[in-house]
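Chain nomenclature is as follows: A, B, C and D, assigned in order of appearance, with residue numbering initiated at 1 for each chain independently.
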Amino acid sequence: MTILESRYGKSRVRVARLIRQKDRHDFYEMTVGIRLEGDFDSSYIEGDNSSVLPTDTMKNTVYALAKEDAVTQPESFGLLLARYFLTGNPQVTRARVEVAQHPWHRHGRFSFVSGGSHRRVAVVSASREAAIIEAGVTGYVLLKTSGSAFEGFLKDRFTTLKETGDRILSTSLDALWRYRGDDVSWAASWHGVMKLITDTFAEQESASVQHTLYAAGEAVLAQCEHIENIRLTMPNRHYLLVNTEPFGVDNANEIFCPTDEPHGLIEAVISR
Amino acid sequence: MTILESRYGKSRVRVARLIRQKDRHDFYEMTVGIRLEGDFDSSYIEGDNSSVLPTDTMKNTVYALAKEDAVTQPESFGLLLARYFLTGNPQVTRARVEVAQHPWHRHGRFSFVSGGSHRRVAVVSASREAAIIEAGVTGYVLLKTSGSAFEGFLKDRFTTLKETGDRILSTSLDALWRYRGDDVSWAASWHGVMKLITDTFAEQESASVQHTLYAAGEAVLAQCEHIENIRLTMPNRHYLLVNTEPFGVDNANEIFCPTDEPHGLIEAVISR
Amino acid sequence: MTILESRYGKSRVRVARLIRQKDRHDFYEMTVGIRLEGDFDSSYIEGDNSSVLPTDTMKNTVYALAKEDAVTQPESFGLLLARYFLTGNPQVTRARVEVAQHPWHRHGRFSFVSGGSHRRVAVVSASREAAIIEAGVTGYVLLKTSGSAFEGFLKDRFTTLKETGDRILSTSLDALWRYRGDDVSWAASWHGVMKLITDTFAEQESASVQHTLYAAGEAVLAQCEHIENIRLTMPNRHYLLVNTEPFGVDNANEIFCPTDEPHGLIEAVISR
Amino acid sequence: MTILESRYGKSRVRVARLIRQKDRHDFYEMTVGIRLEGDFDSSYIEGDNSSVLPTDTMKNTVYALAKEDAVTQPESFGLLLARYFLTGNPQVTRARVEVAQHPWHRHGRFSFVSGGSHRRVAVVSASREAAIIEAGVTGYVLLKTSGSAFEGFLKDRFTTLKETGDRILSTSLDALWRYRGDDVSWAASWHGVMKLITDTFAEQESASVQHTLYAAGEAVLAQCEHIENIRLTMPNRHYLLVNTEPFGVDNANEIFCPTDEPHGLIEAVISR
């Protein structure tokens, strides 16, 4: 028997970093996940832990390195951590670090209001030779009430869906785009991409979720030279038109039932 | 044997209402819960359903009444529904309707971005004689990095907590305030109360969660003549100072570990 | 302004207790919530913490008292904790302790498999004069495919539900029964009540969820002299008959769609 | 720009199948996810839906095919669905179907009790040339109180974890094993693998989660000729020894605090 692949690490390491400026506080909250790959077979097969850095130590490392300036951006914090584990551990061949930033909106100099349930994320996957830096978002929820159709689709014997030129379109977007290098203004780039996606979603005449997904990806690649490709995952958060006819009520595309399951799911990677 | 109390109804009825203005769309999304009390003992004891309005019918009623103007405010939609069930059902003595509105932020004339995971809520509890209208919020997450202490508390033999004059204070607020009557501008009042709570949280020199809770309630009652009382529930979302000393790192109130469990929970009703 | 009511405490204190027998280990895992009421107004109004036992101390108390034999039963552990807080804190007038036990099934002398997502619970609410001890369950999921009807119900203009003499009935039961005193074999009683509920659910010819709820409560009170009353909360976990006719498939009560929302909810307290 | 990869489908299609035997009912509940890959670029780029089978049709197909005998096993139901989509849709090159079965334990001839929160799962990934059939489990929670150590591990400057020869080991196992072909007694094989994993977990002297993971995989491959490889994912559900010394209580490995975050995570694929 053989170990085809393996990785281990620490998940859900939560850390908050407070930076005390003279007249205000800055506050950053991150959740970090770490995975290491490398020469660990003897730990699996023989129970030999001599090359195993404890996941508890990874947690401590997140706390320790949270003092560095890099902590303020998920991309640079991920890169710092990945390089740290590679530098100190010759048995590690690849380090993957995921960082999710919790959105806090400033309300006064020392106070904040939570900005929602989406997360700005970065994924850094690094070997000693190269580092891939991806940034993105999870759980970014969008909805439009006009400019969305679904017509001309394939029918088979089980198809009952009606064609429609006017439906609500909503998604909870996950996106992850890959940077060409690390000479990027992380925050400015992130906000720029988010605006492109949001505007494209709002303005496109959508023929389907697929159509909207591609338009969003195309807009990002067209505007952002420093991005190589983008993965978009778009569940279809269905708002079903309620059939009110059986109880004698007219429904001219006015009343909908939001539903979580089942739901469509569309995923693609758009590249240059 | 006897039935000391009973109620039944429908939970998690989700409905979205689209209002097509000439140059823009308005969009309202609510989740409704309904509970009826009254003369239903024979359904329990004898299986006699002749007085039981099906919960499926309650669901249809939500959809049907969503066409009315009242749907745009949780308070008025709750009142409309409660009165509807009382009017049509002599066996019902009390109707309780909870409405939670999902926050959507406009982005363009026909497009919206989710405004987070908190919910504006209303609870209407009505009999044929009177209706109690409460409004509030669930899951409103606040955090401050200054102006929060916890000192001078009681110690017993199991107390290990250190006194501190400088800690992070965060909560996920649930609030429910009771109106004196229904002649209220629901939306304006809601936003006014939310601003009072948020400002008080930010500005108070807090001696404890209890102290902050009371200050928020007091501010609301002092400013809002039309509110009789307010219930505030404030979990203490602990941000624990990380003990970095064992691994040789200095932590001058800079690095914290957010934690969900266990957590403190403070609840009180402030009244005139 | 005045404080109409208040309480505070610690939630989600998780503790596991390992008891090392000679030839096997016993293992108990509990989640504890504590709420204290009493003379705490000055902490709210003036920020005076001198009467406030920190919730962190409550957490330590759970760990400390977990060494006692009482920890092995939720009812006795709740009682021990409630009495402890009343004894040591003259400012406290009422202590409420909720204990939820995680089900572990033994697999060998030192190993266990999780027994599911339901929890055995106890709620102890004690003053210096008296203690109310309740026991029960949360999230106990039952389903039957025969012996369930819903017919003869009230119809109004929005009713579209079809009467049926043959439907799937499923619920995720929450129950809480109140003991007459504390001279009870807690574990034996709990298992006895659970068997009565499960058997009644399986065997009754059900006319409605209400009918089943009452039958379960009646069976418990009829058999258990030491129980004063029982609260039962039964969501209707709907299994909707799929309308397969539009795509040419016959469905003779064979194919169902389980759905979480919306759902019916029935609640009652049955007493002697 | 180009589409590097894409897939679409329906998630969380829930279906229950009732089979009415003469003297008892059999009941199967599944949650199905479907993903199709193939020639769909024009739907993304041009909004041309002519090759797009609606995800709503996939949902109907699940309901329709739930009448077949294959529905009683996740593996055969997944295979049936995957082949159906490939047969009817020349534009599809690969169909991936995930089926998760909800555990119901029989209690009488027509009644069932939920068997917990773990799920028996199957993943079928099929092209016109070949089908890969994997089976497994998600969320299978195990715990042992003896026979678990973690010693001799690597230390660096941030390491504070103490070596221990006696700790609680618990995991919420996800496993997925790949069959060599489809001539397998699906249910018997599944129960056999689950017993091997559970017994190995209970009986092994564990030096680490890695060590236990490998032992479980090795036991499965050694006993089951018809299995090619097995992927095991084992979060470390930490039960932290509570430091009770600061409040004067002795803790001889008796009192633990279960914690969800952060947590270790170990993943590997063991193969022949």
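Observations, loosely collected:
Here is the rule we go by: a residue touches a chain if its C-beta (ideal position, glycine included) is under 8 Å from a C-beta of that chain, and two chains touch if they have at least 3 such contacts.
The structure displayed is predicted, hence computed values, not measured ones.
Chains making contact with chain A as well as with chain B: C, D.
For chain pairs B-C and C-D, the one joined by more C-beta pairs in contact is B-C.
Averaging C-alpha coordinates per chain and comparing to chain C, the farthest chain turns out to be A.
Rounded to whole angstrom units, the spacing between the C-alpha centres of chain A and chain C is 37.
If you average the Cα atoms of chain B and of chain C, the two centres end up 23 Å apart. The distance from the centre of chain C to the centre of chain D, with each centre set as the mean of the Cα atoms, comes to 29 Å. Counting partner chains per residue, chain A has residues 14, 60, 64, 158-160, 247, 259-261 touching two or more of them. Taken in their complex, chain B has these residues touching chain C: 1-14, 33, 35, 40, 43-57, 59-61, 64, 88-89, 150-156, 158-161, 206-211, 213-214, 217-218, 221-222, 229, 235-236, 260-272.
Those residues of chain A lying in contact with chain B across their complex are 14-20, 25, 27, 29, 60, 63-64, 66-67, 104, 107-118, 140-147, 168, 198, 201-203, 239, 242, 244, 247, 249, 253-259.
Chain C makes touch with chain A in their complex at residues 157-160, 246-248, 259-261.
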